[in-house]
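Notes follow the structure.
In this document, chain identifiers A, B, C, D and E correspond to the written order of the chains, with residue numbering beginning at 1 in each.
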Amino acid sequence: MSVDSEQPETGSGASHGLSSAALPPVGTAILEVRDIGKHYGNIIALSEITTSVRAGEVTCVLGDNGAGKSTFIKILAGAHQHSDGELIIDGVATTLGSPREALELGIATVYQDLSVVPLMPVWRNFFLGCELTKGVGPFRKLDVEQMKLITKSELAAMGIDLRDVDQPIGTLSGGERQCVAIARAVYFGARVLILDEPTAALGVKQSGVVLKYVAKARDRGLGVVFITHNPHHAYPVGDRFMLLRRGKSMGDFPKQEMTLEELTAMMAGGAELESLAHELEKTMGPDSEIAKTIKADSP
Amino acid sequence: MSVDSEQPETGSGASHGLSSAALPPVGTAILEVRDIGKHYGNIIALSEITTSVRAGEVTCVLGDNGAGKSTFIKILAGAHQHSDGELIIDGVATTLGSPREALELGIATVYQDLSVVPLMPVWRNFFLGCELTKGVGPFRKLDVEQMKLITKSELAAMGIDLRDVDQPIGTLSGGERQCVAIARAVYFGARVLILDEPTAALGVKQSGVVLKYVAKARDRGLGVVFITHNPHHAYPVGDRFMLLRRGKSMGDFPKQEMTLEELTAMMAGGAELESLAHELEKTMGPDSEIAKTIKADSP
Amino acid sequence: MATATVGDERISQTSTLTKLMKRPEIGALVAAVVIFVFFAVTTEAFATASGASTWLRGASTIGIMAVAVALLMIGGEFDLSAGAMTGFTGLVVGVLTTEYGLNIWAAIFVSLALALMIGAINGILVMRTGLPSFIVTLGTFFVLQGIDLAGTKALIGQVAIQGMSNVPYYDQAKKIFGSSIDVNGSGAGGQIYASVFWWIGITAVATWVLLRTRTGNWIFAVGGQQTAARQIGVPVLKTKVGLFMTTAGAGWLVGMLLLFTTSTVQSNTGVGQEFIYIICAVVGGCLMTGGYGSAIGAAFGALIYGMVNQGIVYSGWDNNWLRAFLGVMLLGAVLLNEWVRKRAETAQ
Amino acid sequence: MATATVGDERISQTSTLTKLMKRPEIGALVAAVVIFVFFAVTTEAFATASGASTWLRGASTIGIMAVAVALLMIGGEFDLSAGAMTGFTGLVVGVLTTEYGLNIWAAIFVSLALALMIGAINGILVMRTGLPSFIVTLGTFFVLQGIDLAGTKALIGQVAIQGMSNVPYYDQAKKIFGSSIDVNGSGAGGQIYASVFWWIGITAVATWVLLRTRTGNWIFAVGGQQTAARQIGVPVLKTKVGLFMTTAGAGWLVGMLLLFTTSTVQSNTGVGQEFIYIICAVVGGCLMTGGYGSAIGAAFGALIYGMVNQGIVYSGWDNNWLRAFLGVMLLGAVLLNEWVRKRAETAQ
Amino acid sequence: ACSGTGKEDATKENSQDLTYAVITHSSSGDAFWDRVKSGAEKAGDDYGVKVEYSSDPDPAKQSQLIDGAVADKVDGIVVSMANPDGLEDSIKKAVAAGVPVVTINSGVDKFKQFGAITHIGQTETIAGEAVGERLKGEGYKNVVCVIQEAGNIGLEERCKAVGSTFGGKVSNLQVDGTDDSAVQATITSQLQTDKAIDVVLTLGGQYAIDAVGAVEQSGSKAKIATFDLSEDVIKNIQDDKILFAVDQQPYVQGFLGVTTLYLKDINGNDVGGGQPVNSGPAFITKENADAVLKFAANGTR
């Protein structure tokens, strides 16, 4: 179960993905959005968001529940089409018709609902859409052994020790499933890696591994979009922080301009936090950890 | 959006649930398990677990991903039947045939996968199985207005500001959905409240509210089972900590016997954490927050 | 918190009309109106009192079953024995009265009891074995079909009930199940059959149950996500068995309506109709996968089916093409339906 | 990490047999064996070469369709036009050759092209409109049925193809689609028909595709969770349209087998068979909801159906009860099937 | 033999825009009823009247079709009464509304009672009895009667009538008429099981062809007889593969049904004078096969 530096380098998969486009220099905007908006029927989930995802940078998207974070990244991933504004990829305004188009541009995504097919075995889920094959012509067949092997080892590297990669993924625990989704995206992500609350269901150790992956991807020059509710996860790896509230952008801040405390306060909704801390103090006694933490965080 | 102490007391719902059995005195074991085990086909998910859930106490179940936590609480909730050992409720060994039986005994559960019916409106999901009605005989009908009102206000109290409780719950964001499931369980939980990673998808503020609810339920004399991967969430509210590893219990510790640091170390898997911290230091620089935290946590 | 209710900036303006438009049955309603207008304009007899009485009658028996089947489909199950059940119940009454001289009301009661029992067996088999209802009820369907044919032949020596109208108290039962009311006084044409009233009544009750009772809530839940429903404490078994019994009960009612309107049923009555019911339910907005739909939508679906069926005859189109027309019209109706629904959903 | 592979204490011992037992088709296999033994013991002719040749032949055409339909069902869709397609393609060839004197191979090719086109239309309609395939293909079914009847009638003045065996090169085509091989030398009985070989071939190819190719992976994925599959980058449209075309292609093949084995098809050939295919697929372990099943299982399902159908005749049971027997046997087979599967799944 | 009558009368002046509904209990695609339809339509063409054909095997639906025709104010209805009880109300209503009704094919016992002007046809019973007698006369002992549609009243009655005059054993065999391959397989199985069977009697021309294949395949010595004709049936009769075919002359039933209504309308005739008119049956054997081959190929016999 040890996650040590001797193990083979995983998640270094520029060559695995559908696209093997060369990575642009660090700091170049790979994805840009301008005044982008999205509504579902009469529900306006997102409006007038402007930001960019740059090579070698981690953009954290922060915000309350229902703020529109998942909606935002689904647009970047091609899973939803935006209703207003412009989505610019490599300098060209486009609309991603399907997630496959995004994948072909080297954009890999971990969705909040994970996008796994419950009845299929773990290894089939891992390689779904990018299956390894061997043989030629009509006899080209899946390289089952290889795929099982890779799946097993990639998950092991995340600290997930599966009994059997042939198990239907629907029978895995929540965290195990999340790890499969992350390992898959990291393995296939070529230029941009989008992670929607990847650490939500993970244990301390697994979370650490994911953060490590994020940092590694950044160092390799990928653009990363990272969503989390945990400021302790966001702050160490993030380069820029975009704050959403009720579907609107509250701004886009570089790391230099803020401290962890400011970030936490921002995520929790500022002023309102104080009253919560107050209340927790009442219920749990003033020496309670959480009350102290929240109190310390509130401005 | 403010969560202040003036708002009506919510989550005080001993009278809402299916059961209105009187609460036993604080410290009495409501649920006990003895050497309980569960296997799915040839997969042994849990073996030889012994612990108890006491009135007025919060039992935290900790463990790595796939350790068997959800399996454990599903047995308590009646969603799965145990394969070995004994489940003792109010001193009587029983097997819960269905979640409904558990509910009738006053045991309310928030499952990790939330148990919502995606196509149904939020309010219908909230009251599913415990609908409010008015009128008599054949003209007894759903009290729709009342149910909508309660749903809206209970969610508001958690800091979730829904546009429309008539929206299918499948269209809510992950966190919003989680809040519905929690609010429902809190509202109907009469004697035991079981929460499986309730704060996973929640923002800082909503997490605070959930912790507050847990503390309140405990103070009202309910037995609470609380699963989380976040030691900062577990420590302040927990009274006892049960640690699972690979389907086995590593022990059951009262709060007095451990510090937050010990708890964190235990959750992360002890010795192995050091190497992770080491690695993170390498990738993110020694001053990185997360590396520091993990390093500090490791014994 | 309170500020969120009025003038939420995250919702664009919506009219009450748009809200109404989001009901699952709206598409079917529009399609029904379009089809009515089409045939009313292109044929003479269609929109007359006597013409309408014909297609209403045709739609009514299908409609009753479609509504019951819609409930079942919303609850996530199918019942392929529903069609054969209509013949079975009619045959039971016919054989018991014409051959064995049983009192007609007793026979009616016996056939109801049998129907409910078969429904319960269907439900319990499905729930206990975990087999798909499609297969279980297919088995029941075959068995019923066999009984209908062989049983009837063995007992009365032919494959259709004859001489029903000579049975004592036949008229009493006919009052309830088979009578008709003249609309415009003239004897010829323009009657409304009892089945039409039954149809309207059943649709109203089903809609009420579905939208305004706990049972309705449970039906949506067991169809939408059975595991979730069970985990939350919905009595899944009871709900599903109840639904199967409801469908069987509706089959019985339709059997009675057929028997007492035409005074005969045949051993193959209802065979093949089971899919028509499903079709009507789907046209009316039910999802095949369960958890979504409406009873009144299914009634509209049956109306569409009845109107198209009779309208094609009135149009005088070559009978050989009947099926092709039916197919095109159905597809057209469903496409229109879907289009309306999509428009409604994305309406601002 | 490495310690986890061997001797994981969280897994109890499993034999290879148990592993095999977890395949979806295992239940159907066991049921097929049981039924075979049952009829072999209770009847004389069943297990003879000539008896087997009869039920194998009956099972083969249904089996080919069942395999194709199983793929489609695993992909999460239905095709109700599959039955009518077999008649349609046969009629096209029959009409073109007997009435218009087209070269037989050209006619066969034309009908294949038409079938694939209809399949593609089905698929594209389903995917583009978002309507359930149950409804879309029902529309196609009705339309095909109408064309089969009215078109044939209009073109050749009757409802069945006549004089097919006088068409030039008929024997060539019959070699491929309609010939038979004597097994035991004696002319009477014991033939294996071409359709049986086709059936085995198709099943083998389908199984290979499903389990060992990317396409197979995608089929499982689009049926199991379409949204997830799309999000992960599976070409959903291509996969589904391909499946509909495969089913249509299988319909064409069966149409040819029917035409060249019996030298005739009629306008209602295949009508109603579409459900038999679905039944065989489900008996063979496919889920109605998609995402799970096997091709070889569907082949076993067809075998069960074929054996039961002929076995009842061999048993000399009262023929009127045919349907009832069929129903009971089907239910029995599926129950056995499910029981075996459950045992296998919880086996330690 | 009755076709073509009245063609000369069919002048435009006489036809006065008449519309007749022909409503039968046929299921779609049935070869027999297809010929009834052809006959009725041919008569319509010849007389310059409009003929609207519709059908449904379910008596409830068939009675709705009759009601519908009355609502449509047709000038006459031709109806087949397989299940008289089921149509009684509707036919009486039609008669009460002043629409002349002619019954065809089946329902000979009830037509008067219901107020129809006449009955044209030949019940299933007459044809069946004739077949039974003929087979008995030729010395056969064991007949299997192949029913291609379970529970179809007409088919059941035919087999029953065969049994009533045949004397020997008559057993029914249900087959799936929409799958010729299965029909052949099932007949084969039956022949393999019961070696005593010496005649296979099919109830539609199409299935006789399947039976020919089945007899060959099973190596049985059984002979084949069939109801209804087709080109292939006649060729097989010529080749001695089929004993005989019973021609119920469905074309006549359709044609005369319309003709009767037409004569009533233009000339006040009551064809048959209140007595039923028989349309058949005729036996087609090797001797007279050549003469009907041409008509069978047209799809009118």
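In this text, a contact is a pair of C-beta atoms (placed from the backbone, for glycine too) under 8 Å apart; a residue touches a chain by one contact, two chains touch by 3 or more.
Keep in mind the model is a prediction, meaning the values are calculated, not measured.
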| item | value |
| --- | --- |
| Pair of chains with maximal C-beta contact number | A-B |
| Far-end chain from chain A, centres as C-alpha averages | E |
| Label of the chain whose CA centroid is most distant from the centroid of chain D | B |
| Separation of mean Cα positions, chain B and chain A [Å, integer] | 25 |
| Inter-centroid spacing, chain C versus chain B (mean Cα positions, whole Å) | 44 |
| Geometric centre distance via CA averages, chain E-chain C, whole Å | 34 |
| Residues of chain A engaged with two or more neighbouring chains | 1-2, 43, 113, 161, 163-164 |
| Touching two or more other chains - residues of chain D | 10-11, 145, 149, 153, 272, 320, 322-323 |
| Where chain E touches two or more other chains at once, by residue number | 28, 150 |
| Residues of chain D defined as touching chain C within the complex | 129-132, 134-136, 138-147, 149-150, 153-154, 272, 275, 278-279, 282-283, 287-289, 318, 320-328, 330-331, 334-335, 338, 342 |
| Residues of chain D touching chain E in the complex | 43-45, 48, 50-51, 53-55, 57-58, 61-62, 83, 87, 145, 148-149, 153, 156-160, 162-163, 187-189, 191, 195, 257-258, 261-273, 306, 309-310, 313-314, 316, 319-320, 322-323 |
| Chain B partner contacts - residues on chain A that touch it in the complex | 1-5, 40, 43, 63-67, 69-70, 112-113, 159-161, 163-164, 167, 171-176, 178-179, 197, 200-209, 211-212, 215-216, 219, 229-233, 235-237, 260, 264, 267-269, 272-273, 275-280, 282-284, 288-291, 293-294, 297 |
| Complex contacts: residues of chain E adjacent to chain C | 28, 37, 50, 52-55, 57-61, 63-65, 67-73, 83-89, 93, 96-97, 149-153, 156 |
| Chain A partner contacts - residues on chain D that touch it in the complex | 1, 4, 8, 10-11, 208, 212-214, 216-218, 220-221, 224-225, 227-235, 291-292 |
